[in-house]
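What follows is chain A paired twice: with chain B in the first complex and chain C in the second.
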Partner chain A sequence: MSEFKNIYDAHLALKNKKISAKELCVEHIKVAKENKNNTFITLTEDFALEKAKKIDEKGINNHLDGIPFSLKDLFITKNIRTTAGSKMLYNYIPPYEGTTSDNLQDAGAVLIGKVGCDEFGMGSSNENTPFGPVNLPINNDYLPGGSSGASAVSVLEGSSLFSMGTDTGGSVRLPANFCGLVGYKPTYGRVSRYGQIAYASSLDQASPFAKTPLDIAMIMDSITKNDEKDSTQAPIGAMNSASKILNNTDKDLKMTIGIDRSMIEGCREDVRDSLNQSIKELEKKGVKFKDISLPHLKYSVAVYYVIATSEASSNLARFDGVHFGYSSKNGKDLEDSYALSRSIGFHEEVKRRVLLGTFCLSSGYSDEYYSHACKVRKLIYDDFQKAFKECDYVYSPVCATTAFRKDEILTPLQMYMNDLYTIPVNLAGLPSMAIPYGKSSLNSLPTGFQLIGNSFKDEELILDGHKVFEVLK
Partner chain B sequence: MSNKYETVIGIEIHAQLNTKTKAWCNCELKINGFENHYVCEVCSAQPGTLPVVNKQAVEYALMLGLATDCNINKTSFYDRKNYFYPDLPKGYQITQFHTPICKDGSLDLIDENGVTKKIRIERIQLEEDTGKSTHYNDYSLVNLNRAGTPLVEIVTMPDFKTAKEVTNFLKKIQSILVYLDVSKGNLQDGNMRCDVNLSLMPKGSNTFGTRTEVKNLNSFRSVERAIAHEQSRQAQLLDKGEEVLQQTLLFDVDTGATRVLRTKSDADDYRYIPEPDLLALSVTEENIRKLKDNLPELPTDKVNRFVKDFKIPKYDAEVICSEKKLANYFEEACSLHSGNAYKKISNWVMVELLKLVNEAKADVETIKLTPKHLVELVELIESGKISGKIAKEIFVEVYDTGNYPSAIVKEKGLEQNSDSSEIEEIVKEIIKAHPKEVEELKSGRDRVMGFFVGQVMKKTQGKANPKITSDLVTKLLDL
Partner chain C sequence: MSLNINKDLVLHISKLARIKITDDEVSEYEKNFKSIVEYIEKLKEVDTSNVEMLSNPMTLNLSYYEKELGVSRKQRQDEIRPSLNVKEVVKNAPDSKNNEFRIQSVIENS
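Entry: the complex of A and B
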């Protein structure tokens, strides 16, 4: 494992020539190649070494110069296989470069490889993939959560200093929480989605994993440039949060955090204890907590599984064995070939969601399900807007439990309920930072909470998240 | 068709917009270019790609909306129409289902009797074309050059009663598209396609019958034939007391019959969903005002202007203005003409010129007989230098060679003979030779005058001035 705990440490060492980009790269590739946790789908060793060499020649300027990172395999990388964690795209080599990959490499970061995930981002355990589940490095009896589980693991195991995941219903915050990392889901529309294989377009957002909020700031500064290829990105320019954190001397926690205590009551006892402890400690440091009510959040899971699956059923249509993806040769006719290719190419969970979404949009049901869900989605957004009139942030659990045991068998519905606390944030398009805090008294696994900010208050949230993280350390 | 029934027709027109680039990407629009060459990651629907709205396509749709008296939706939305087909790479078509950019427009049709009928336009929506499939015996090929071509779909209300009205409307839309320069509007080339929805109801009834939809008609002739076929097919069914099924049909150009593509009971369910990758389309008053101010002259305005400025009949103006290039040709000729024989010019354009141009399927912009040639010809007649008969004869030569009429007349010595004494000698000869006709004419049969003039023409190879000739006949016979 690398001696560097985070991006900033490594950046200083690179800058002071205590280590070269190449050496740093080799260290991380070594961990990746040990492959203890089934993290990577595709390693890009030659590519990484080449890039590191270039960085060494050029010298260290940016925070991300020479920093090894990994990408969830939903991010398009030109000429590098991109599978979406699916048999469907087992051999897909994209002919173009995605914006996030481009931005990070442009900022000097060194891509070590593409890491696993639940197929097309659909899952909360990183098990729904033909590439096999990924281990939680700190206890191999457990799973890292999903769908961006392998991204979290690559940071935790030391094969990357940061990783990009995607968060559609909690797919970054949940694994971050299970792995004791910081996971940051930006405001919907803050980061370009161009070159990110779509699961649910109105919810998907590229989201980084790192060890600290300062690291998150450095990543966010690099991936928030305007991208005219994504019309849903707000054209408000790149963030400049890292230097603000580094130059800030004001450590005061002058913030009001809203909390709906019924959410904490719903958590398992060990998690509840840890959350209450964090609140107590923050109060001690001067944070004001205010009781709020978010009455419509209880419908979140239902709303999410209608909207996300509806969009997914349309987004995944192109994987039909004709244009893209696994193609069965045994079809009697076109229709049959579609059916066979998709039946074999997709894993169970994807099929379940595509079928559900197809049903939700079908004529006669669309109003009842899809349109109705959109209306409730607005109510959830309104709940938050009402709350933000009284507070700067909303405090929420990330998950009612800690990481799942490998032998724990959950029904799909039980699995879906694990996203109860993360989903509302996606539905309302808000930014949220999952911050690790403490350990479970039950199994010593990491616990934590999330701080939810208002739309496009990303910079504020990262700056304040940094302060909160530092006082709780 | 028995006349027990009244026909009710509504149509949908798809027109490709001639923007520089495709609807959602920067690919050049070259449908007939090298196969699959004008394709990028967006229009080939590579995973992870997103569409970006082509502003020019939006402007073109707005222009069409303004030209057809539509209300413009200040905010309109894109939707996805989901279905699987190999020439649809995304697995869905981006269209405007719930809230189109333009709605509630209309267009006036004027029939040959001058009667005006208003055809209501329900909506004009922006969407995209698919790729092109070509089917062979045991395989099919897909060309994506066309995929993502911006389209407008124009949907009318069921306001048509006859095929003639439908084709007149199509011609009118076609000419508007060309005048606005937003589409080539060519049915044969597939720039414009028409779907016909048709039903019958007993005369005097207010309740529409069950309709069928005939898809993708690509010529005026096909539209007429398909309508005729559906009218009689449905009438036969109704006469037998059978039911017309709500079906989507294809027209077979070879047999003139329709065949079933699908029946609505097992209709495709398109599972429309708002397009999450595109924002709502906002149009400001300012945008609309600017487009309105810069709207090119439309066919109707041009017709009115021609009637007013050139004093030609409205019917002439309608014919000439139905095609923008023809209208330009006529207008240029009029501007070159020093007199006021505009009606003569219009006659030559409508009859002789159109006949040759249509026969040769030629483009009036590039023919050898330019407006200048035509004006010279008309002026030669007006000044009495040549007869109309001679003019008609040399017209084809001018058309074929591009030689000037004056040069041809001079070269061949075709100038009209207006020398009274010379003609008088000939007239005397003719009178002498045809005593029977002389009696007839004297007894009041005016038609016989034509005979004498004709005989003189024959004698002079058409060069005798017909007016002088008939005057002489009158004088010599003392009529």
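Entry: the complex of A and C
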């Protein structure tokens, strides 16, 4: 494992020539190659070494210069296999570069490889993939959570200093929480989605994993440039949060955090204890907590499984076995071959969601299900807006439990319920930071909470998230 | 009142979704859908009269950055730009000929 705990440490060492970008890269590739946790789908060793060499020649300027990272295999990378964790795209080599990958490499970061995920980002355990489940490095009887589980594991096992995942209903915050990392889901529209394989377009957002909020700031500063290739991105320019954290001397926690205590009551006892402890400590440090009510959040999972599956059924229609991806020509005609290609190329959970979404949008049901869900979605958004009139942030659990055991067998609906606390943020398009805090008294696994901000308060949330993280350390 | 999910409905949906499912899968999906749709049905208890649909947060974001930040979304000039190289794109096709996608015949022989 690398001696550097985070991006900033490694950046200082690179800058002071204590280590070269190539040495740092080799160290991380070595861990990736040991393959203890089934993290990587594709390693990009030669590509990474060449990039590191270029950085050494050029010198260290940016925070991300020479920093090894991994990408969830849902991010398009030109000429590098991109599978979406699916048999459907097993051999897909993209002819173009996605914006997130482009921005990070432009900022000097070194791509070590593409890591696994639940197929097309659909799942909460990183098990729904033909590439096999990924281990939680701290205890191999457990799973890292999903869908971006392998991204979290690559940071935890030390094969990357940061990783990019995607968060549609909690797919970054949940694994961050299970792995004791910081996960950050930006405001919807803060980061371009160009070149991010779509699951549910009105919810998907590229989201980083790192060890600290300062590292998150360095990543966010690099991926928030305006991109005319995504018209849903807000053209408000790149963030500049890392230097603000580094230059800030004011350590006061002058903030009001809203809390709906019924959410904490819904958690398992060990998680509840840990959350209550974090609140007590923050209060001691001067944070003001205010009781708020978010009455429509209890409908979030139901709303999500109508909207996300509807969007998925439409987005995944492109996989027809003709243009790219898995193809079967054994059908009796073209129509039959479409259906055959899709039924073999997609795994069970993807099929379930595409079918469910097709139902929700089908003639006779779309008003009853899809349109109605979009209205309840607005009420969830309104709940948050009402709360933000009284507080700066909303405190919430990330998950009612710690990481799942490998031998736990849940029904699809039970699995969906694990996202109860993360989904509302995506539905309302808000930014949220999952912050690790403490350990479970039951199994010693990491616990934590999330701080939710209002739309486009990303910079404020990262700055305050940094302060909160530091006082709780 | 709960919707009657049965085998016929599951088969109808699988046809619409262009996903072939086996007889065993039909019963499995029928079971899954029953519990999921029953759960989704609880949305019906929410009164949404006079509530507008929120289908994408972008619509609300727009008013934020246009009003608060004074940044407007500009449409780009309608100019021709190079698209992806056809040869490169077709490389990923399961079957192609002369840089075109090849499919099964759709016109019946007379």
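Things to note:
Keep this in mind: the second predicted complex is superposed on the first by the 473 of 473 C-alpha atoms of A that agree within 3 Å, B and C clash if a C-alpha of one lies under 4 Å from a C-alpha of the other, contacts with A are read in each partner's own complex, and residues count from 1 in each chain.
One rule holds for everything that comes next: a residue touches a chain if its C-beta (ideal position, glycine included) is under 8 Å from a C-beta of that chain, and two chains touch if they have at least 3 such contacts.
Source: prediction; values computed, not measured.
In the superposed model, more residues of chain A are touched by C than by the other of chain B and chain C. Once chain A of one complex is fitted onto chain A of the other, the partner contacts of A:V322 extend to both chain B and chain C. Contact with neither chain B nor chain C is seen for A:G170 once the two complexes are overlaid on the shared chain.
Of the two partner chains placed by the overlay, neither chain B nor chain C lies in contact with A:G158. In the superposition on chain A, A:T411 makes contact with chain C only, while chain B stays out of contact range.
Touch criterion met: A:K229 reaches chain B, while chain C stays clear of it.
Of the two partner chains placed around the shared chain by superposition, chain C is the only one that A:K378 touches, whereas chain B remains out of contact.
Judged by the touch definition given at the top, the superposed model places A:K351 against chain C, while chain B stays out of reach. In the superposed model, A:R193 lies in contact with chain B only, and not with chain C. Of the two partner chains placed around the shared chain by superposition, chain B is the only one that A:A84 touches, whereas chain C remains out of contact. Residues 92, 95-96, 201-202, 228, 231-232, 313, 317, 320, 322-324, 334, 338, 358, 362 of chain A lie in contact with chain B in one complex and with chain C in the other. Across the complex, chain C is touched by residues 91-93, 95-96, 187-189, 201-202, 228, 231-232, 234-236, 296, 299, 301-303, 305-307, 313, 317, 320-327, 329, 331, 333-340, 342-343, 346, 351-352, 354-356, 358-359, 362, 369, 371-379, 381, 411-413, 416, 428-429, 455-456 of chain A.
Taken together, the chain B residues at the contact with chain A in this complex read 40-41, 44-53, 80, 82, 84, 86, 89-92, 269-273, 276-279.
Those residues of chain A whose C-beta lies close enough to touch chain B in the complex are 74-76, 82, 84, 89, 92, 94-96, 98, 193-198, 200-202, 228-232, 310-311, 313-314, 316-320, 322-324, 334, 338, 358, 361-363, 366, 370. Contact residues on chain C toward chain A in their complex (touch as defined above): 9-10, 13-21, 29, 32-33, 35-37, 39-40, 42-44, 46, 48, 51-58, 60-61, 64-65, 69, 71, 73-74, 76, 84-85, 88-89, 91-95, 101, 103-106.
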